[in-house]
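Each of the two complexes below includes subunit A, the first together with subunit B, the second together with subunit C.
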Partner chain A sequence: MTATLFSEDQRDALQELTNIGMGQAGASVAAVLGEFVQLSVPRILVLKPTLIPAALERIVGPEPVTAVRQGFHGDLRGEAVVVYGAAHCRELADLMGYDDALDEATERELLLDVSNVLVGACLGGLAEQIDAEMGFSAPSLMATGAEVGSLLDVERMDSPCALFVEVNFSLEKRSFACHLVMLLPEDQILVLRDAIDRFLASL
Partner chain B sequence: MSELTHAELGGFIADRVEVGVFAVDAAFNITLWNRFMATHSRRPAAEVIGRNLFECFPDLPQPWLERKVRHVQALRNYAFTSWTQRPYLFRFDHNRPITGGVDAMRQNCTFLPVKNEAGEVVQVCVTVQDVTDNAIAHEELAASMAEIEREKAEQRKLIGELAQAQNQLLQSEKLASIGQLAAGVAHEINNPIGFVNSNLGTLASYVDELMVVLDAYTGAHDQLPEALRTAIDAQIKGVDLDYLREDLVSLVTESRDGLDRVKKIVQDLKDFSRMGESEAAWADLHHCLDTTLNVVANEIKYKADVVKHYGALPEVECVASQLNQVFMNLVVNAAQAIAEHGTITITTGTEGEGVFVAVRDTGAGIPPEVKKRIFDPFYTTKPVGTGTGLGLSVSYSIVERHGGRIAVDSQVGEGTEFRIWLPIRYPAAHPA
Partner chain C sequence: MASTVLVVDDSAMARKMLIRSLPASWDVEVRQATNGVEALAAYRQGDVDVMFLDLTMPEMDGFQVLETLRAEGLNCLVVVVSADIQPEAQERVKRLGAIAFVKKPVDAEKLGVVLKEYGVSL
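Moving on, here comes the complex of A and B:
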């Protein structure tokens, strides 16, 4: 399916653009968190919605997860999902400079905050590369301690296919890791493709 | 009147929009403070602009807010807060001074980076949205959901109790029909026992008469001719006549004893299983206890020795068959509480205007957390199908119907005593 929407060149370009965007994101996240951030090379897939839960499961494994969703809009419209393993949520408090044991509300606020930072940095980085304006809506908690497969209600997705961009974060000195997935509906994939074409033409 | 410029329009809207809008520079000095913020904080723009945010509002969560704003500056990106995690940023009165419902305005905040032409973040603008109404609706909904969940849990519990109640009913139904069967069998056994008993009586008197005759013959023995006497002597020796005479009498006596015991058991069964009976009558509780002990003798004889400390009891007006059930429950429970072999002590006596019956065992005892619940209907520590199926709750209600009370005293590892107090007269509704 990838082939039908993206040519080899376009796909390589998208990979590269995302990579540069993520690199910048990594730098600014590192500045905020005060720790060196390791990012995986983004993996890009065009998937039918029904295949998305399986793809998510492949990334995070079978353990129960906590997930935050954040919508983005503007020149590109879609949703980002940040998935955390249960153990890693605890690391966050320490990371963000909270000393005491956290109550549930504070822990969730922290989770939303970190997700916002990651999504903003990654998508902002990409948007900058393709010269797109992007705004964000407030992040919200999708689920806590849930099975990965149950996160997304694929029945309700009406787009025939979605762009699935996966980035994995980890910190050099800590065990903390999380996964960011960017989901774009089909019409937005076309917008992205045009933006890539413009970028390629400008080279 | 000239047309508004674009900037004027923007400024007007930012000032008058029903959303709090303010901005701070890198040093957290306030650079923008719209009408909404001024109204709700009761601090006009002129009073706060140019001043440090935290000086003006010392109640703000400074370390957290500083970090938040720094993130926006560093990442050049939006940040958010939601009332669900942080009810409010500024403690403002809400829009429900009369109807109330919450302590302060619930707020969702958005932090947006204000960039210069070079794309650097020079200020951070914050919008404060009043979401009190949504928050209240959300919380009411959550409360209703919790209520529904609670009711559902209660229903599940009730269904479980119903199932158990049905089980108990089946058990007691079973017991009742066994009782009826026993009564029927007892009745049938009574007839043959009757004629065997009377025959045995006749037999006993025949034996006596035969003995007299035999004695007479024995007296004439020496006068018999030699040859005949020798033959008879051989026969007397052959059957060991002396022993036979002795044993014949005791055989008849033992058989009559045995029959008496059968009669007693049959009578006990009939007494015990008078289930339908509900009229109170004067009864001897010691007789009730003995009857019950006979009926359950089989169940307890290998587990415990029964020691009776019967005091002097007046007759008590009661429904004997129901009290039999109570005594049976207590005695069977006592036997079941004993692991290997122990003692069941039954003590009776008078106390004040009434009487008491105490059943003490040397069994395992009842832990305090179980003790609290032993009289609860449906509470059991025994596997389903064990015990009588009538349980202590039935005993409790029977004793209560008699105007009495039941109490338990138990030490884990030492044993348990159940004590029942009963008034002499059945409660008033029943005329004597």
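Moving on, here comes the complex of A and C:
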């Protein structure tokens, strides 16, 4: 379905614009964690909402996950979800220099902070390039130790398709990894496509 | 004599943006590659004076290209052009032999300054 909504040039442009946002996010998180962050090429898919759980599972694998969601609004409206393998959440605490087991509230705060940095830098970087004004809602914890397939209530998404943008961050010396997924409903995909066209025309 | 530059990036748009940022006064023949494997193949055909190298690519990334160039004693000026703006990424590519790091989106003026600094005749 990607082919029908995005031309090859538009898809390529979105991937590169996301790549630049991802680079900024990677640098922000590297600064927070004090570790080198490995980046990979972002993946862009247009999917029926019912296919999103399987796409998430392909990225994360079968392990239980903890996830943070953060809405964005303004010129572009949608939702970003940051997914962590449940085991990786403890690694995060360790990275941040907490020696002892964290109480739940502190661990939650840490997750929300890191997610906020990732989403803000990645989407902010993308928005800046296409001259989009974007605001963010406060991040909130969606689920802890949940099955990845049950993370999103896709039955309730009343859009015939959704843009699924996947960005992966991992650390070289540790097993920590997390995945940022940006979800846009169909009407917003069209808004984004127009913005990409304007950007391409300006080159 | 015209210089030969090799622009390596998996994104067609990124290659286009880089090529447009090259100084207008620079007499160059531009070649392109879409990943590290292609870049090395193009390089081995010879004549490449300056390589503009992206880091985050499928098949073979920019770090691996730099390692290979160094291990094989291959010789050309490599300017890394990347969105990976971590200070450590910049240090690493310089240790691997890149002469400079230019962040994306590319600023034509800064690119010109970098090239002049390394004696590229514009």
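Just so we're on the same page, the second predicted complex is superposed on the first by the 203 of 203 C-alpha atoms of A that agree within 3 Å, B and C clash if a C-alpha of one lies under 4 Å from a C-alpha of the other, contacts with A are read in each partner's own complex, and residues count from 1 in each chain.
FYI, a contact is a pair of C-beta atoms (placed from the backbone, for glycine too) under 8 Å apart; a residue touches a chain by one contact, two chains touch by 3 or more.
Since the structure is predicted, the reported quantities are computational estimates derived from the model, not experimental observations.
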Subunit C versus subunit B on the shared subunit A, clash or fit after superposition: fit
Touched partner set for A:Asp113, first subunit B, second subunit C, both or neither: first
Superposed model, angle subtended at subunit A by subunit C and subunit B (C-alpha, nearest 10 degrees): 140
Touched partner set for A:Ala143, first subunit B, second subunit C, both or neither: neither
Partner chain(s) touched by A:Ile44 [first = subunit B, second = subunit C, both, neither]: neither
Which of subunit B and subunit C A:Gly135 touches, first, second, both or neither: first
Partner chain in contact with A:Ala105 - subunit B first, subunit C second, else both or neither: first
First (subunit B), second (subunit C), both or neither touched by A:Val191: neither
Smallest separation in angstrom, by C-alpha atoms, between subunit B and subunit C in the superposition: 13
Contacts on subunit A seen with subunit B and repeated with subunit C across the two complexes: none
Residues of subunit A defined as touching subunit C within the complex: 9, 12-13, 15-16, 19-20, 22-24, 26-27, 30, 36-37, 39-41, 129, 200, 203
Residue numbers on subunit B that touch subunit A, as the complex places them: 67-68, 70-71, 74-82, 84-86, 108, 110
Subunit A to subunit B touching residues, read off their complex: 28-29, 31-32, 96-97, 105-106, 108-109, 112-113, 116-117, 120-121, 124, 135-136, 138-140
Subunit A contact footprint on subunit C (complex, rising order): 10-14, 16-17, 20, 55-58, 82-89, 103-105
